[in-house]
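In what comes next, chain A is part of two complexes: it sits with chain B in the first one and with chain C in the second one.
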Partner chain A sequence: MHEVALFSQVAQARHGRLLQTLAGVIGAQPTQYAHQHVLVNKDRLVHDLHRPVDVQQGVSTASGAWQARIASLPEPGSPEAIFSQVQELASINNSDYEYDKVVGHHYIDGHRFVQGNVILTIYRIFATNTPLPSTSEILLMSPPYSASQLTHLDPSGAYVVEAIVRIENGTDLKFADLARKELFAFCKDYLQGVITFQVPDRFAMDTRVKGG
Partner chain B sequence: MATLAFQPWPLAAPKKPALIDILTHISLERGHFRDITESSLQEELAAADGLSPSSSDTEDDDKETTSKPAAKAAPSTRQELYAVKNDMLRQLDEAQRQISDAVQFMSLLNSEHTPAAEKSLSKAYMGPVQKGTLGTDIWQRMDPDYVREEQDERLAQHVKMRGLQESADSLLGAAKRLEANVKRETEYWNQMLSISERGWNVCRVGGRSNRLGVRFGFSESAGEFAGRSVAALQTDSEGGISLERGVGVKPRGLRVSVVRGGQVVGRSYLPSVADSSETTLESRIRRARDSIFDEELHREMLLEGRTMAALAVRLKGSAIEVRYTIDPDTPTDRVELDLVPLSAETGTELNPENPDDVLAQALALACRLLLTQAHRNRLKARSATPPPLAERKVEKPVFEILGPIAAFLSHNTGMQSINAHLHETSTLLLRASVKSQISRAHLGVTSEGGLQGIDALVATMKGTLISTAQLVIDGPGEQESVMLTAKIETSSSQKPAYSFTIAGQRGEQIVCDASASARIAADEVVAMLLAHQLQSQAGPSWVCSDEEAVLNKEADDRDEVARSERVEITVAKGVITLALPDQTLEWTVDGNVPEIGFWQAGVKHLGEKPT
Partner chain C sequence: MSLTQADIRSFEQVRQRLVTTQQSLDLLRSKLINPQNREELDPLPPWPSLQESANSFVRNMDDLQKIMESSQELFKTAHAYPHATFPGTTFEGNLILARLLRKRVEPDVEAWIKEHTEDTKVQQWDQHRETGLQQDEQQRLLTYAGEENARVLEELVTKGAMDFDYTLAEYEEGVGKVRTGLKRKLPKKLRNPAADEDEDDEDDEDEEDSEDEDEEMEDVMPEAPVKLSALNDVKGLIPGAYAMRLDDVLKFVTMGARPT
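Now for the complex of A and B:
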């Protein structure tokens, strides 16, 4: 399937107010969203293995099984939103990924809202301060890290806002259009003044690109 | 000016030099006008002509000269300099104003006679005043007219007083209006607080306006009810708040009636509403909310009822009729759910003694509970991650409210019929000296999956209702007892909706879908159980058939009477029949029974089992 996505950022001081505003506007309470992500290099694509966790000060527990999300590079020619092909697997065999190289390990903690077909996620990224193991086997097997082993990726404590609409078959123009329309109607018109969504520059931090 | 000049006599009258030229000339000669006073001019004249200056002027002169040195002390500090400068400017301003006043006044005065005087009238100053509006009269000096002056004085006083009174009146009027405003605002905000403190959500209505309204609907209502959930609050002149027209005026409520044999025997509770203007704002809002809840409930049940015609749900006008059971046994027993306008006449109180009242009230509560649960489910569905966009027809799910109610009613009837039947059977067996015990079927709240409270109740209601009744028959002597199990299952969602399962000791099961056939099946199973019991008591070579309640004795070679014998036991329609080869014994509940009991008769005929 394909995903149309827009992003934004919210400072920590505004986060509480933002959640309240969105809850009032959407008419529902946010649901907790805390996941552990292990990024694995497989077949020249980055596979994002994630599972829901419950991070505590002492012992953290995993509250679900590992799922996989394989996102291809975003498709070009779409300046207003990020349009990429994504494959999601609801459950994985650990053995498939055991020997693959781990390229990233982080935790995401935030909330999720749903309005119609738009999924709005507001989260912060936590990095681990231990070196990455070479294969994913250890990480897949062991329990999630406790809160003491995690640090903020962004020391200012800002939150990332992500708005996504998913399409079953992205090559079908009718649905791609519908999805874009719905996403823009929600993000650019309805939430105008509350959050300003934008398309982040993918090459901003990439050292291989000139000017990045 | 004592200079002489020889000039030719002017032929024409010399043009008088313009005033401005004369003034310029004078200022060039003598310096600024400031320094020229009458006394200095007189002095000059005197010096030129030898005239003595006038006496009065000298006195002024002296005064001036004495006051002058005092004023001439130069300001020492910068502050004083500025102060003096400001003073000077102020005085200049004042002088200029006075001069312009004088010029305007004189021009106005003269404008009547001399049109040229208009030129010096400045429009800004005297704009609205036309020329010639000021007139002068020359009066001879008159004696002061004291009477006239006094009158004038009094007139002036009157006018002043009237002016003051008018201003006092207008101030009082303003104060009164302010007080009225304050009272109105206090009343308004008191009422507003009274409803918002009770938890009602007060919000802005209409977007741009500053009208307030109260939200009394439910966030998960659908369709027409979603638009009716907010009522604007209108103020009247006293500051009192009322709901906008049409809201809460005609409240309606759901009433459940139990009908037996065409008569209404039980009703659920409905509040009887007094005149709506008497109640407080908060109770009116509450009534509006209850009314909209019941209306939505009724509407959802109507929609659901349309799909449930197979389950004996009929719609009669606005009332939904649910038959007790699908059996044609009791066609007039039903439960009616109707939306009734609340008024003083239609209010009903509950009579806790009447079990039908209790049933009706319980059903009404159950309906409302199921609607709340449906709202919750809708909220959960709305907040769940949506599936990716695809060509999928979205069907609006119909709420499951009437289904569980109808299922419960059927189940209840089924339980009652089975319980009654087992009771009768037990009495009958007692008449035949066979002891038995019953455990009646009842419905409990199952709490599987860790659900508790309301969640467990609702889960039970929506799932399949299962109840089990048992009849335990004691065998003769110390024989073990045998058991008959009757299980009633009713489901609101699956087909078949309704089934009885009768099972005997050996596990054979008979499944029926009507209570009449269930009773017959139960009788058969009781007969079989009795046969089995007898067989265990009977002598050798008596064999009990597995299918029927028949004991056969095979012809035995050793026996003298070489014939097969057959003993049949029947339980039907309130009669136990023991058909022995030589006699038939019958036991009934009401009629005469043989002296001998069932076991004894059987054992006597069949012979004792060798110990």
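Now for the complex of A and C:
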């Protein structure tokens, strides 16, 4: 499937108020969203293995099974939004990924709103302060890290805002267009003044592994 | 060196702004000197219309200033030069040419500019830019406004404008049908004069209501979306730090690339 996406950032000081404003504007409270992400290099492409977790000071637990997300480099010729092809697997066999090299390990903690077809996620990222294991086996099998093993990625504490519309068949121009329209209507008109969205450099979301 | 499209556009914008500014100024002027204001009432037109004209003029000036500022370099260095085919030798041609190419302002305008840009005046303006009005002028305004407000309000109250709970239209339609948005039944406090005459006022309020006048209102707190979590205690925050660039953040979550 394809995804049309827009992004923004919000300072930590504004985060609480923003959530309340969005809850009022959208008419529903957000849902918690906390996932552990392990990025592996499989066939020169980065696969994002993630699962829902509950991070605690002591022992963290996983609250779901591992899923995989394989995104392609966002397509060119789309200056107004990020448009990329994404494949998602609702569950994986650990054995498929065990021996693959780990390139990243982080935790996403945030909230999610849904309005129509638009999924709005507001989250902050935690990196680990220990070196990455070489293969993913141990990470896939162990429980998630505890809060003491994590550190803020962004020292300012700013949150990332992500607005996404998914399309089953993105090659059909009609649906791609509809998705774009709905995303813009939500992000640029409905949330005007609340959040100002931007289109990042598509190469910032390049999943191709460089080098030999 | 010829003008680019952008330059031409800037000039055009300034020209349009000047035209609208001139028009709004003319409008304001005509309102003030127009003899059609009846002399018995007031030599001035109603103040809302004056206010509107003044505001639109200020807005125009503001826009004009913005446009001038944005193309400062262009306007400072642009130089008008007549085309070879312009009839500069005829009497009329010469007149027009002189008027168009003139750079020096008229003497009384020059004097006015000089007066208002001398250092002491500028300093005064800078000092009072925040407040606008002087302290004593502000005080006078507030006192006047307070008295005027009290007078208007008193008149309304004595004429009974505050006695009615519903509008005339609502009384005609029937008070029982009014959508108040209230979810609780309130005790009937004041009997409104109009209700006595209105047959349709079959109240949805209990006449024998013996509840307390001041009901306790329940405070309902919306569920706080930001739950206390262990992640709030994670180290690594630097107060006052700039946010990481969005592209760098995305690079990290997509590829694990640490920002350099």
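One rule holds for everything that comes next: the second predicted complex is superposed on the first by the 201 of 212 C-alpha atoms of A that agree within 3 Å, B and C clash if a C-alpha of one lies under 4 Å from a C-alpha of the other, contacts with A are read in each partner's own complex, and residues count from 1 in each chain.
Quick note on the criterion: a contact is a pair of C-beta atoms (placed from the backbone, for glycine too) under 8 Å apart; a residue touches a chain by one contact, two chains touch by 3 or more.
Just so you know, these numbers come straight off a predicted model, no measurement behind them.
Superposition of the two complexes onto chain A shows a clash between chain B and chain C. In the superposition on chain A, A:179 makes contact with chain B only, not with chain C. Residue contacts after overlaying the shared chain place A:91 against neither chain B nor chain C. By the touch criterion defined above, A:142 lies against neither chain B nor chain C after alignment on the C-alpha atoms of chain A.
With both structures placed on the common chain, the touch criterion links A:134 to neither chain B nor chain C.
When both complexes are overlaid on chain A, the residue A:160 reaches chain C alone and has no touch with chain B. Taking chain B and chain C in turn and counting the residues of chain A each one touches, the greater count comes from C. Of the two partner chains placed by superposition, A:72 touches none, neither chain B nor chain C.
When the two complexes are overlaid on their common chain A, residue A:61 makes contact with neither chain B nor chain C. Look at A:37: by the touch rule set out above, it reaches chain C but stays clear of chain B. Within the three-chain overlay, chain B meets chain C in a clash at only one of the listed stretches 63-71, 279-287, 297-305 or 549-557, and that stretch is 279-287. Contacts of chain A with chain B, set against its contacts with chain C after fitting on chain A, overlap at residues 29. Against chain C, in their complex, chain A makes its touches with residues 7-9, 11-12, 15-16, 19-20, 23, 29-30, 32, 34, 37, 39, 46, 48, 55-57, 71, 103-109, 111, 125-127, 132, 146-147, 150-158, 160, 198, 200-201, 204-207, 209. Of all residues in chain C, only 222-223, 225-227, 229-231, 233-238, 240-244, 246-258 touch chain A in the complex they form.
Residues 1, 27-29, 31, 112-114, 116-117, 119, 165-169, 175, 178-179 of chain A touch chain B in their complex. Against chain A, in their complex, chain B makes its touches with residues 219, 379, 382-391.
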